[in-house]
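Multiple structures are listed underneath, in structure tokens.
In the two assemblies presented below, chain A is common to both, partnered first by chain B and then by chain C.
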Partner chain A sequence: MRWIFFKLYIFLLLPVSVLAKTIIVAPKTTISSLKAAIKIANSGDTIIVKKGIYVSENTLINKELTILGENAPVLDARFHEEVVTITASHVKFDGFIIQNSKTGSMRDYAGIRLNNVAYVIISNNILRNNFFGIYLSDSKHIQVLHNHLTGSNNQENSGNGIHLWKCKYIFIKGNYVTRHRDGIYFEFAKKSLIEDNFSEKNIRYGMHFMFSDDDIYRHNTFKNNGSGVSVMYTRRIKMLNNLFIENWGSSIYGLLLKEISDSQIEGNRFIRNTTGVYMEGSDRINITNNNFQSNGWGIRVLASCDKNTFTQNNFKGNSFDVTTNGTLKHNYFNNNYWDKYEGYDLNKDGIGDIPYRPISLYAQIIEKIPQSVMLMRSFIVNLLDKVERAIPSVTPESVKDEKPRMKPWKR
Partner chain B sequence: MLKIAKYIILDIIRSKVIIAYTLLLMAISLTIFMTDADVTKGLVSITTVMMIIVPLVSIVYATTYYFNATEFTELLVSQPISRQTILLGKFIGISSAIMSAFFVGICIPVLIFAFSVTGLTLMASGALLTLSFVSLAFLTCTLTRDKAKGIGLALMIWFYCSIIFDGLVLLFLFCFSDYPLEKVMIFLTALNPIDLARILILLQLDISALMGYTGALYQQFFGSGQGIVFSLIMQLVWIVTPLLIALRIFKKKDL
Partner chain C sequence: MKILALFAIAVLFLIVSCSREPQPIQYGKDACAHCRMTIMDKRFAAEIVTPKGKVFKFDAAECMAAYLKTEPQIAADQNTIFLVCTYNKPGVLVNAQNCYFLSDGIFKSPMGGNLAAFISKERATTAIDSKTAKLYNWPEMLKTR
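Let's look at the complex of A and B:
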């Protein structure tokens, strides 16, 4: 009985797939541009674009199409307009080289623009020299997969790589962004997942969040960006297993948190950044299982932060593990590994018997007199730090790790 | 001159103190490198130890040796050799003996375990530090005739350079923190050979912490070719000046 239904079902489906036709676009044929192909296509059709260079000045995709590039055809806007705009849902756009969109200060010209659509897949494209790369606005359930974006690296006039504005349920995976203003930019983009992306050498931030709640980003790499990664005015964010590496220079941070609350920072690695994590006005953040290695400052927590917990992190080879600009209250450090810890463990349970104070006296001195950075690692500074550890008087009493680990956490 | 140096080297190399110094340096650097997997952290620890031990041993040992060999000096002076040759020969002899101890004790482990720009900087600044403190030792020896006084003075110089000077700088910074002190600080560091050596290594190790405004300024100065030349010249000044003064005194001194 079930088999009959199944056959009937297949039979009913068949006409639809037969009806959907495939249109082939190739240079020097009757259909020699994507625009012409879209004109004659119906919703549900497939357009295959053969290898070649096509001029595409704001090609409008307003039907539910599957558009595939074969052997990476080039769509070039010659700096006149946007390259492609998608205004229909259920579009799949795959395998193109998109280049040379217009730059301008009045409008945000983009390589691929999506406006008010849903269920669109943008995959395997190479975007070169566009003002904005992929621009999503008012969209839902979009997938941006495995694209390779290179910006113009123009200091004054450069847009974001992947730009989201008022979006929901977006899935961004496996993209590579470089030489744009912000690699990945989120504004009012909620409930999205950002995974396995690589963002390096962007002019401003590798990734930038504004007012974007309930997002998860994991397994991304942010390397050598102008100002690292910045997360601002956002709630309930999960940052898992990312790598922040070599974001350095004055006022450059691996991860900058400003007005963030109820978030989770877990399993990330911060390596060779000027400042690993910088926190300002951030509350109720769980920072666990991270590695802070060879940074200038491991974590900088401003006095405006409240009720954050730092547990099970490794701090290795940072010039300063934790610094602050005032008195820190209600921020809890527990069960971390600190390579500067000099205590002992008599009962051999792997936990040091005396608490560790991560903020050194010298860190406090530098806070007041930045010039004294010149005395780093001198005998007098070591001496002062030792004395302060023995008899604390200047460093904040509340900041201490009651159960410092003797050996680093293995991950 | 070289003949005198040769005799002194042969004499010193057999002395137990220099062997102990070599073994101590070697033990320190090997333990640090063996116990810690992180090479950079090892270099940091070695720097900290080096900045204390190397100047101390260099100045105290050179002073003691000089005083113990007073008879030998008197014998040499009675020969037809110029005093300049005698003193320079002694300097070359003593300094190269201590340098070879430094080389075996620190340079070889660093070359094996941590061969990098940082490692090379550490070796170079350690060698220059040795030279400048041997030179300072010669100054103390010629300044006074009494052995106890001479060693006391040597210890004072070491104590001043490694602790008191930095303490004074810190105090100075606290007092004048309202003024722009970046350039003054560069000048101040030139007044202390240990600080010069430390900063050269610091610029390799803590580069990321130096990225603040002040750090960036130092970075810009000491990190550039010009700054490196400046600090090398200042180190050389610290080697040559005390030696020249010692030479002047020694030439006129009634032994």
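Let's look at the complex of A and C:
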């Protein structure tokens, strides 16, 4: 009997001595690399890496560890390999500087790679000069928080900042991405949330969705990227309260929608883009409560789009509010504010008494003869538009806002 | 003599301006004619030169195939030039009609087609990575879209 109590007593003591092991890594000590620490660690241990510069050529994290960098230690792959690969679940990886992964055309080398794992947290890291930054494949329930990624800015051979491939339930928050190919890239990544990120000066897109359904992105800023944000071949995306700013140049859009459906674009601001929103082959999208300000083209809707609604948006200072390349049917505009509206409101209910036609005659002419853009803001163009507004004949009859607001929507 | 030289230069200009030449792809600048994405990846890019000399650039062979499906006249015309970058020599455009195309999970081509081009059947077969890989020649590849 006593023997059993003794056993129990020992058993109760065990967790304290076994589970709470902390391994310290520091330069010029017995454990001078992360690799060595992982080798002697057991699942559940904590590794603390002190300040210093460590060579890390594809350090493999294959145990359930908490790995913390103290005062931003540097892991450097010296352009030979990947820096860190995580193949175990329940890993926390926090506070490192990850730099100089290999660049290659045959393999996608990454700063931090996660492969087939779940419940991993990657937080507060600084990634510099990597081919791909954080690369997630076949993973679930991952959190990518407050990382700072700077790519190589190589025009022809650069990878994506945060790259997702076949992932589910990913939470990406508070990251800053610049000088990569695409800032954040989703391919077959579903049911994920992306919020409070800042993506600027990336070579291709600030963010890019391919075949990724049921995602939400909100409160992000996409500034001065090669081509803004692109959402392609995707369903049920919610795009809320984002800022798309200064995405300028030929064939460059704030938001490019291609073959997407059943989505929501709400509360976003599109400021100083060549084209605010470009839509091709996109159906059943609700575009409400957005601000389109100082863009070349506010919205460009191709004739292949169907059953989209545009309500309660503000259009201010755009060269063209809405353009299309054909007859636009089954797309509804209602209750928007248009600064070009010249109607009146006799009953003072805040809604203009005559409908507004957002597609101007001149926009239609440019569609047929792009060179005529040189006549922009000339007297003859203004005259043409005025006549067309008074007696509509060329602009699509179906595209009109029956209840244009007299005053902008307050946000 | 001077007139002859001028005439020669004029003729030269005419020849240059009339020729149907493939254009080099400006990676990072040119947009794909089918999917509108900016062309970035030198391993997968493709190009069509129509009989009239118009050039269409694509970010992937699958985009070229999808585009040709919507433009059957261009696809059927004998004088159309079809070009594609091969996986072993990224950035170099070669005649796509002589190429073999390998569909395999390891090729992360831009439009999710997992499709890479090779100049010969041997090269393609040595690159096979998984059991699910499929090998196509040009007409077969066009039919996959």
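To be clear about the criterion, the second predicted complex is superposed on the first by the 394 of 411 C-alpha atoms of A that agree within 3 Å, B and C clash if a C-alpha of one lies under 4 Å from a C-alpha of the other, contacts with A are read in each partner's own complex, and residues count from 1 in each chain.
Here, a residue touches a chain if its C-beta (ideal position, glycine included) is under 8 Å from a C-beta of that chain, and two chains touch if they have at least 3 such contacts.
Everything numeric in this text was worked out from a predicted model, so none of it was measured.
Chemist: Determine, for the superposed arrangement built on chain A, whether chain B and chain C clash or fit.
Modeler: Superposition result for chain B and chain C: fit.
Chemist: Angle at chain A, chain B to chain C, CA centres, as a multiple of 10°?
Modeler: Rounded to the nearest ten degrees, it is 80.
Chemist: For A:Asn382, select first, second, both or neither according to whether it touches chain B, chain C, the two together, or no partner.
Modeler: first
Chemist: If you stack the two complexes on chain A, which partner ends up touching A:Pro370: first (chain B), second (chain C), both, or neither?
Modeler: In the superposed model, A:Pro370 contacts chain B only, not chain C.
Chemist: According to the stated criteria, A:Thr288 is in contact with first (chain B), second (chain C), both, or neither; which is it?
Modeler: It touches nothing on chain B or chain C.
Chemist: I want to verify the contact counts: of chain B and chain C, which reaches more residues of chain A?
Modeler: Comparing touch counts on chain A for chain B and chain C gives B.
Chemist: With both complexes superposed on chain A, which partner does A:Arg272 reach: first (chain B), second (chain C), both or neither?
Modeler: Only chain B is touched by A:Arg272; chain C is not.
Chemist: Look at A:Arg204 in the shared chain and tell me whether it touches chain B only, chain C only, both, or neither; answer first, second, both or neither.
Modeler: Touch status of A:Arg204: second partner only.
Chemist: Looking at the overlay, what does A:Asp108 touch: chain B (first), chain C (second), both, or neither?
Modeler: After superposing on A, A:Asp108 lies in contact with chain C but is clear of chain B.
Chemist: If you stack the two complexes on chain A, which partner ends up touching A:Ser152: first (chain B), second (chain C), both, or neither?
Modeler: neither
Chemist: Between chain B (first) and chain C (second), which, if any, makes contact with A:Asn100: first, second, both or neither?
Modeler: Neither: A:Asn100 stays clear of chain B and chain C.
Chemist: Once the two structures sit on chain A together, report how near the CA atoms of chain B get to those of chain C, whole Å.
Modeler: Least C-alpha distance after superposition: 12 Å.
Chemist: Residue numbers of chain A touching chain C in their complex, please.
Modeler: 105, 108, 155-158, 165, 181, 187-188, 203-205, 210-211, 226-227, 230, 232-233, 251, 256, 258, 278, 280
Chemist: Help me check something: in the complex, which residues belonging to chain B touch chain A?
Modeler: 38, 40-41, 44, 47-48, 51-52, 162-163, 166-167, 169-170, 173-174, 177, 181-182, 185, 189, 194-195, 198-199, 201-202, 205-216, 218
Chemist: Where on chain C is chain A touching in the complex?
Modeler: Residues 27-28, 31, 35-38, 40, 42-43, 90-91, 108, 111-112.
Chemist: Enumerate the contact residues on chain A facing chain B in the complex.
Modeler: That would be residues 248-250, 252, 272-274, 294-297, 316-317, 319-320, 339, 365, 368-383 of chain A.
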